[in-house]
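Common to both upcoming complexes is chain A, partnered first by chain B, then by chain C.
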Partner chain A sequence: MKKGLVVFALFLLWILLVYTVIVLPPMGSPENPTNTHIIPRYLEKGVEEGGAHNLVTGIILNYRGFDTMGEVTVIFVALTCVLAVLGRENILRHTSKAEVSSVEKSVIVKCVVRFLAPFIILFAFYIILHGAESPGGGFQGGAILGASVIIITLTFGFALVAKKLSLKYRVLFESAGPLSFFIAGMVAIFCGQNFLTYLLPCVAHTYQDFVRHLLLIMVEIGIGVGGGAAISSIFLAMEKVEKE
Partner chain B sequence: MAEFAHHCPVLMVITFLAGAVLTPIVSKSKKKFSFWWAFFVSLLALLFSSCAVWSLYTKGPISYWLGGWEPPYGIEIYFDYISSITFLMTVLGALIILYSKKYIEHDIKEEKLPVYYTLVLLLLCGMVGFSITGDMFNLYVFLEILSLSGYALIAITEEKLTAMASFKYLVMGAVSSMCVLAGVALLYNVTGTLNMSDMALRLQQFEPIATSYMALCLFVVGFCVKAAMFPVHVWLPDAHALAPSPVSALLSGLVIKVGIVGLLRVIYGIYRLGGAIDFTTVTNFMGWLAAITVLVGAFFAFFQDDIKMIFAYSSISNIGYIIMGISLISFTQPERGYLGMVGGLIHIFNHAIIKSTLFLCAGAIIYKTGFRKLSDLRGIGKKMPITCGALTIAALSIAGIPPTAGFICKWFIVLGAIEFGRGIWAAALLIGAIFVFAYYIKIVNAIFFREPAEPILEVDEAPLSMLIPIVILAISCLVFGVFAYLPLAVIKPAAATILGLPPTYIPPGG
Partner chain C sequence: MLRSLDVILLVFLLVTAVGVVRTKDLLGASIIFSAYSFTMAIVWQQLSAPDLALTEAAVGAGVTTVLFLITISRTVRREDE
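After this line comes the complex of A and B, so read on.
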């Protein structure tokens, strides 16, 4: 009875929401408010003003850079939440006794991963660095970077990765995303501009483009490394739960 | 100087952000250092927020274009009268961090101290960013930052019950965030912009009223869950009562107010300014629910024995007062809602101070005795006179006894409701106030006038780092009651501008 009522209420809500979507301006029509108000400026001047050949990168890092800073912080918050609930991985427990791996990985898996892992990491950095020119960017590259750490952990065991990717450096990498935005923003403030301005008038005119590019690349690397480190740290923290 | 004041709002946000991100790094080898770092960061942010508020009241609102892009194209920070709540956030944030020093070392493992301070700074960063932004999507981003860190802060003590409370909050909070996001998406589709003032202007030009109305409903639902209004208040009592006490003070004092700030931004910043949609049906509905909220919160608080549970239910009741105050609005005659708005806004301010005092006092008592039930705490007042004195002042304030801070807001809200022709709301408020009075009398009676039980006799006063915030807050409960014109001088122009009246508006008859 109670379940029936809930389903009925949700059904009514569903009808209401579907109706709202139906009366929205038609999708893809050039007369839509979304396509006539702000977007034309982005399309016409975005590449030149944004400083990136990839327009999407120009918008997320430049026009709406503050949002992206928030999103990067959300990733950092997610990591901190996991650490608050689960705690960091316990290296001591793992190195004191032999690795308790449930199944010994076959030699084929080990070989393939050993061969592929460097290329995956290389590809991740390619995606990160090429974000300004072609599809890609920090978030995507960071995910690939994190995935590479996960696949190595799954194959070669937890202790090795936790030791090689020691906490000493990982703590620095984790905060790279928000910190790179912070540095780029503060450079602009010290130059007398608003926070997160990349085109700095205090730099000699011929170098302005170069400095802007440099700042954008720095932010991309920060997002990528920070995202990758967050993914790996979350994964390593969960390892502990599984073993207990 | 003017140049510097212009940067202050954004500096406030990024001070918290960079401070939070750097906490694990600076306290890598010495975990206890994270407290000093967090305290330093919060003081720095307090400096920036005082500068921004000073500039607001001397030179008017600050509009800051991030990245130098003009508003509809880039993100705008708009530091207006609603944003002056950031001053309250930074002051309370600094005091609560100071209080946390002893309390948290006692409550959680040492290796988790940096995580705790990181989350507190992130929570403050989210709240401050939420209150100053002038962009709808940016609002959502900061809402996510503050909600996520709130969920984790409740669960940080690793007890089974807190995990459950946090999970309940997480589920309801996630749904409410989705509502807000859906609202943003709908409004973006209708207006083609994300900037709030631009959205308000463009909302009148476009036909699909149904979509805008639905978006308004989604926003109201989303923010009311965050503010814990009846019937979506169910997450609050457990979450606020079971969290570590400084976290309870932050959540009850500030985080639920973020929902109110969101409501003010959306209803008054977008829909009233747009003027195309009559939103009074929605605000009326909110007002009726608020009246029920007042009664429900007060009623349940009366039957609790756990002191933090009492305070948590009382927060629900007080959120009812605030929402009742801000929903007394007439679409055609904005000046009719003036008194209610002043009452609602001043109660945001006063309740934040009072409820933080209550939770911090409760925390100090729990820290010293380990008990949280009123029946175990009989006679504690003789052993911890300063803490219990502060608790009494705060309890009297929240009950609305005249010389304290709580009186003035209820007075304004009742006047506003009667003048608006909503006698029933005023009646609900007064009945609620009687309940509140009864249960705070119960607390004061138990802690001062009952014979202490055996374990209480061993207890002495709380440490200095806890007493300083408690005493400062308790004194401000008194000061803002006796000198009520101080907060009123700040809040009257805020209320007038929210309603679209000139900042110097004086209601007829004074």
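After this line comes the complex of A and C, so read on.
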């Protein structure tokens, strides 16, 4: 009886899903709404409405701002889950696994990392800040920022990174992504606009573009720093081993 | 010329994708997966999507490979028992 009920419910669900697939517009057809309305709108007005010369950044921060906010929150939740399972590293109790391993690190690796690490970090910030004009943006720059922390930890050990990037500040950096979106959204609400509107009518007309650019850059920095801090925190949590 | 580069990249992509699944050794598989990500980054660039290429190179080839390697180094192999 129970089994039959389950099968019947699944059959109903199947019919519903098949019906939905049948009434969907045909795949790849030029008459689809995505091809007749959305793409021309993006191509014609994307730069003007998005406020960024790089169309991709304009779309993901403006038209799809809620989507990007969700993505940033997902990264934050992932970090929270990793820390809940593995726990934070403690500089007094833990050391990195690379440090206690018997493989000796070569001089070449140390020299190259010491020479390149500042440039990698600089490049990461360039990508974050230049995301509105050229390919790149918060997510990409954040990943490079996290990668720079990873190579420094692997070559110079735990103590240096844990001291320079102490937990006190890292907690703030990790929440920078959702926080920057929240601040940008609330600014719009206080101006009487919808959440995540960047073009604010309460600002003088000549400064509107400037303020919008400022908000976009703030959100980009938030995404980048938040993503980088999340990646490095996940890495440090996975890399730690107990000191003996 | 560019067309042949695309064909080579796509064939290499297929070979590495099958290689990741077929390799028994987890360390080898994660290194092949890193090669797959790098090829994918170049393919994105060829499809004129530089934003995605940057993401794929930084996240796919860089960060995930490191996280895979750490996970492998912290777990034991079941087959060795």
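Assume the second predicted complex is superposed on the first by the 199 of 244 C-alpha atoms of A that agree within 3 Å, B and C clash if a C-alpha of one lies under 4 Å from a C-alpha of the other, contacts with A are read in each partner's own complex, and residues count from 1 in each chain.
Everything that follows uses one rule, which is that a residue touches a chain if its C-beta (ideal position, glycine included) is under 8 Å from a C-beta of that chain, and two chains touch if they have at least 3 such contacts.
Computed from a predicted model, the values in this text were never measured in an experiment.
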item	value
Partner chain(s) touched by A:Leu13 [first = chain B, second = chain C, both, neither]	neither
First (chain B), second (chain C), both or neither touched by A:Leu122	neither
Touching partner for A:Leu43 - first (chain B), second (chain C), both, neither	neither
Touching partner for A:Cys81 - first (chain B), second (chain C), both, neither	first
Partner chain in contact with A:Phe195 - chain B first, chain C second, else both or neither	first
More chain A residues in contact - chain B or chain C	B
Which superposed partner A:Val112 touches (first chain B, second chain C, both, neither)	neither
First (chain B), second (chain C), both or neither touched by A:Thr73	first
Partner chain(s) touched by A:Leu214 [first = chain B, second = chain C, both, neither]	neither
Chain A residues touching chain C - in the complex, by the definition given at the top	54, 56-57, 97, 127, 135-137, 139-140, 143-144, 146-147, 150, 231, 234-235, 238-239
Contact set on chain C toward chain A in their complex	50-51, 53-55, 58-59, 62-63, 66-67, 70-71, 73-74
Chain A residues touching chain B - in the complex, by the definition given at the top	16-17, 19-20, 23-25, 32-39, 41-42, 62-67, 69-71, 73-74, 76-78, 80-81, 83-85, 87-88, 168, 171-172, 174-175, 178-179, 182, 185-186, 189, 193-199
Contact footprint of chain A on chain B as seen in their complex	7, 10-11, 14, 17-18, 20-22, 24-25, 28, 64-69, 72-75, 111-112, 115-116, 118-119, 122, 125, 129, 135, 137-138, 141-142, 144-145, 148-149, 151-153, 155-156, 158, 163, 182, 186, 188-193, 202, 206, 208, 210-211, 214
